[in-house]
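Before I ask anything, let me first share the structure, which is written out below as structure tokens.
Every chain is named by a letter (A, B, C and D) in the order it is written, and numbering of its residues begins at 1.
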Amino acid sequence: MTYQHAQDNWFAAIVIGFIALAVLVNILRAKTGAQLYIRRIPGLDAIDEAIGRSTELGRPVTMIPGLTTFGVVAVQALTIFKYITQQIAHFATPMRLLTGDATVFAVAQEAIADAYNEAGRPDLYDADNIRFLSDRQFAFASGVAGLIQRERVAASFMFGEFFAESLIFAETGNMVGAIQIAGTTSFTQVPFFVAACDYTIIGDEFYATSAYLSREPVLLGSLVGQDIAKLLFALTAVSGAIISTIVGVDSPIIKLLGQPGGWDAFFQWLQGGGQ
Amino acid sequence: MQSPTIWQRMLSIDRRLLYLLLFVNIIVFLIAPIRMPASISPPVQKFYDEIEKLKPGDLVMISSNWSASTLAENQPQLEAVLIHLMRKKARFTFISIEAQSRDISYRLAERLTKTHGYEYGKDWAHFGFVPNLIVAIKGMVNDLPATIKEDVRGTPISQLEVVKGVKSLKDYKMIIDVTPSGTVPIWISYSPKGIPILYCPTSVMAAEAYTYLDSGQITGMITGAKGAQEYEQLLKIEGLGARFANAISFSHVLIIVFILLGNFAMFMNRAQARREA
Amino acid sequence: MSIPYLIAQWQLPQQGRLLYATLVVLGAFVLILGLVPLLQTLPPRGRRVLIVTITFLAGLFFAAEFFLPVDWTAIFPKDDPTRNFLTPAIQPAQNVLQIIGALALGLGTFGLVRLHMRNVVQKRAQWGYSVVLLVAFVTMAIFSILNTLSEKGVVTKTPLLERGFSILFDYTLVQLDAAMFSLIAFYIFSAAYRAFRIRSVEASILMFTAVVVLIGVVPLGAYISYTLLGLPQGPPPENADWWTQFLHSAGLPSIANWILTALNAPAQRAIEFGVGIGGLAMAIRLWLSLERGVT
Amino acid sequence: MDWLIQFLPLNIERISVWIGVLCTAAIYSLLYRENPIYRFFEHMYIGLAAGYSLGPLFVDIIYRYWIEPIWGQGYWAWAFVVPYGMYLYFIFSERYGWISRIVIGTLIGASAGLFFQEFSSRYLPQLNSTLQKPLWVTSANPDVTGWDVFGNFLFIAILLSVLTYFTFSYEQRGGVKRVATLGRWFLMIGLGAIFGNTVMARMALLIGRIYYILSDWLMLPLGRGGG
């Protein structure tokens, strides 16, 4: 039941097209000067507080994208880490970025070097602070746990995709009294971050993070588009439920909206006189 | 600075004490033979009845796909089922989907069969692991010897007495799937019709399987360590199921007790602070 | 006949393939690496344009393959109706990504080894542990690579290799995995003790559901409900009256299951939708290089 | 005496058990505090893991997707892939560092392009299954009971309130704010449920480890199913 191509159900193409349009139009609006708003995301206000504390204590900040494989989520995580690095560069606070994916490691080198450059402190960049520990889940976890305890980090930022190892990072960080802010798209790991971290960014707050931090028009515009897309999903869900109540859950109209093969079934049904 | 009250000390308890408690708690319940009579759930009863129907010499395929991480749930299931099969003098062959589950089930079966006088190659065998279960099942339905080729010891399958004359999976009388992952829908979809499928999932996987039970696509089900405990009761043996079920249950009880204690301490501490203020 | 398909047909002749292939590979290295000084002459703006273009093209390939209609039999009657003209190139493209991924792993491993080599050479604090790491790395790398090559039939599988690999992998690495994984059980206990307090509405809800599910999913929950309280187990029989139906769903396991399916599933679904839409918007921004992110 | 001889690591099988227990003990020592023994095993662990990856994830892939096609089957076009990928290695150079971004751009573009299919496969079937929720009993859905209808209403209500919480581009006030708060509470129910449900799987792991210590190492006869 997976989509190999958009043709498996053209509804996919329509939805993606609509979302793309909503996002791009609003990005354009934002670029041409429309004033856009973003609501408060409490956990993100704490980033500065966490950085301030590690500066005071003179202990390092860790940034952990976890085992996130390279892709959309990893790029977003690195964008957030880049922002954090720019902030700590002003105070020369030491940092460690620990990753379990080699490609993310390569990209992170560039991103972090950039961040120091843009903050005007290229001298502070040290390639050894960006570390690829292991792509093996628990070997990586053991390395992170050891490092957090040895260096007694003052602040720990965990952004990306996480799996069972999430609690190992969060509890060891809690043990050494670090301020911890986590953000993840993996729903199953959110409860452990909520239990062990000071602030948790849930679900697509993760994608809103860079817009919130940078207030860049492109990102704010994109957020408006995303909200419109959510409205579309909500409307589809409600109207779909009503339709399925009236015509039955196995009706071709329901299949039309997102079931692979549903498009063809619908047209066959139409041609068959709609019995 | 006055010394902290008992409530304050409880709130800032050294977590190493918690770790020790959990460790000891599990050891105690693994060793102590505490028995809680369980009521036999209908799927377990059906599982038992189905194996009772086997005649001596009937051939059973056991798909064992668990490894160390779900040992506490799947091992008691497999042990209880194997003991029952050996009591019924049934013969069986194993198959796994990856190397670790192959090793763990092979070792376990070797140990258990020895105590029941079963002989490898004659009464049972292990076919090793297949990387793609769908392909393997389809292949075994068509031509079992050509699909499996050799067993876990590297013996050509034609020299194994246990599957002498077996052409296809259709010659089997029963399929048992002991698994922590979604392998049972594959067995349901691709195995020959008319061979009963029995299912030993972990507790997490069990909820989804009730539809298969309703429709009769699986005949019986043993759910996690708890199901194994019920099964042991049916077999009248003292197995691992009861111990593992207890260890799991009481580790949860320990956590709940401490959550309640923590809340109690928090309230007492607040009340005290209010009184002093 | 698509271009990638044609390229795939360009095979070196059977005779002297080894020599030709080596020459071609050497040539490719010279050519591609020879481009570097040329690329270096690009001004910053040109570099940016180049990167943006390559990013767009790479995305376009996968996007077009997905969006283009698959059935071209109206134009090419003999074509396979389950693919479009880009589909045959998907597998090679994935292989290219795999190769780049492997090279990145090489880069990551190099970074790890370099860091610990420096620790040793400069005798930094705790350099002894770096020696441990390097020794473990070299030993395991030899056995792992030989083991992989022996599976390919390039080297023979000696008993020493088999035994050594088994000691390092099965007896040590897998055991360390299991130990580290089980560590979470301790952490889950301390986290629950600390976090589940009736401090706020949210914390209380979190605690209450967690406790109900905690007791509902374990054998003890079933024991309390079905053995001690004598509630009926399993789904109710058909045409049961509502009281029987109620009794069948009043056991702790049923309640835990209800929370997990009826209450958890829609919340999770909503999050998934948000994450999916957020990811899609991000993908579009990255594809069109609209984001001043990491590149 | 017999027990002791069996217990000591005198054959390969016993040695393997001893190694396993030693590893477990070293890792668990982290629970007390970070210490030299943990540090030793941690470094060994990372070294072993890094070394292991080179087999299946480096040599195997390069051999299978690069060496075999070129030298084995003669598809010479593959020759260009590895040198191109090696642009990544310029990352360590200050002057040529930007060249690695060409490869990174390829990877970013590819992951963006692949996301369209992932979005369709992963999220649209979920949207579709959300549609199949009759909200009252009709003849069109004969199998649906009053209880199902209640569940469906609940499903849609929770879905909408949580979605409302996850909107960002306007100020949440009044009724919207209340719905969003409700959404966050439902979210907490879901999170609590996942927490409770995960505990068992983690305990099962720990029990498995402790069983290994008691049964395989100390050789205690724990419920070996005598019948």
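The rule is short, and it goes like this: contacts are C-beta pairs under 8 Å (C-beta built on N, C-alpha and C of every residue); 3 or more make two chains touch, one makes a residue touch a chain.
The shown structure was predicted, so the numbers you read here are calculated from the model rather than taken from an experiment.
Chain centres were defined as the mean of their Cα atoms; on that basis the chain farthest from chain B turns out to be A.
Taking the mean of all protein Cα atoms as the centre, the chain whose own Cα mean lies nearest is D.
Each of B-D and C-D has its own count of C-beta contacts, and the greater count is at C-D. With centres defined as mean CA coordinates, chain B is found 36 Å away from chain A.
Distance from the chain B centre to the chain D centre is 22 Å, each centre being the mean of its Cα atoms.
Averaged C-alpha coordinates put the centre of chain C at 7 Å from the centre of chain D. Centre-to-centre separation of chain B and chain C, using mean CA positions: 27 Å.
Residue positions of chain B touching 2 or more other chains, listed in rising order: 15, 19, 22-23, 68-69, 203, 225, 248, 251-252, 255.
Shared contact sites, meaning residues of chain D that touch two or more other chains, fall at 27, 30-31, 39, 41-42, 45-46, 48-50, 52-53, 57, 88, 91, 101, 104, 107-108, 111-112, 114-117, 119-120, 127, 130, 156, 159-160, 163, 166, 187, 190-192, 194-195, 197-200, 202-203, 205-206, 208. Residue positions of chain C touching 2 or more other chains, listed in rising order: 66-67, 100-101, 104-107, 109, 112, 170, 173, 176, 178, 180-181, 183-186, 188, 190, 192, 194, 196, 206-207, 210-211, 214, 217-218, 260, 268, 271-274, 279-280, 283-284, 286, 294-295. Pairwise, the chains that make contact are A-C, A-D, B-C, B-D, C-D. Per the touch definition, chain B reaches chain C in the complex via residues 13, 15, 18-19, 22-23, 36-39, 41-43, 68-69, 100, 103, 203, 207, 210, 214, 224-226, 229, 245-246, 248-256, 258-259, 262-263, 266. Residues 12, 15-16, 19-20, 23-24, 26-28, 30-31, 39-63, 65-66, 70-71, 73-77, 79-91, 95-96, 98-99, 101-117, 119-120, 122-123, 126-127, 130, 147, 151, 154-156, 158-160, 162-163, 166, 183-200, 202-203, 205-206, 208-209 of chain D are the ones that touch chain C when the two sit in their complex. Looking at the complex, you find that chain D touches chain B at residues 31-32, 197, 199-201, 203-208, 210-212, 214, 220, 222-227.
Against chain D, the residues of chain B that register as touching in their complex are 16, 19, 22-23, 26-27, 30-31, 33, 68-73, 79-80, 83, 87, 112, 115, 202-204, 225, 232, 235-244, 247-248, 251-252, 255. Every residue of chain C that touches chain B in the complex is listed here, in rising order: 170, 174, 178, 181, 185-186, 188-190, 192-194, 196-199, 207, 211, 214-215, 217-223, 226-227, 233-235, 257, 260-261.
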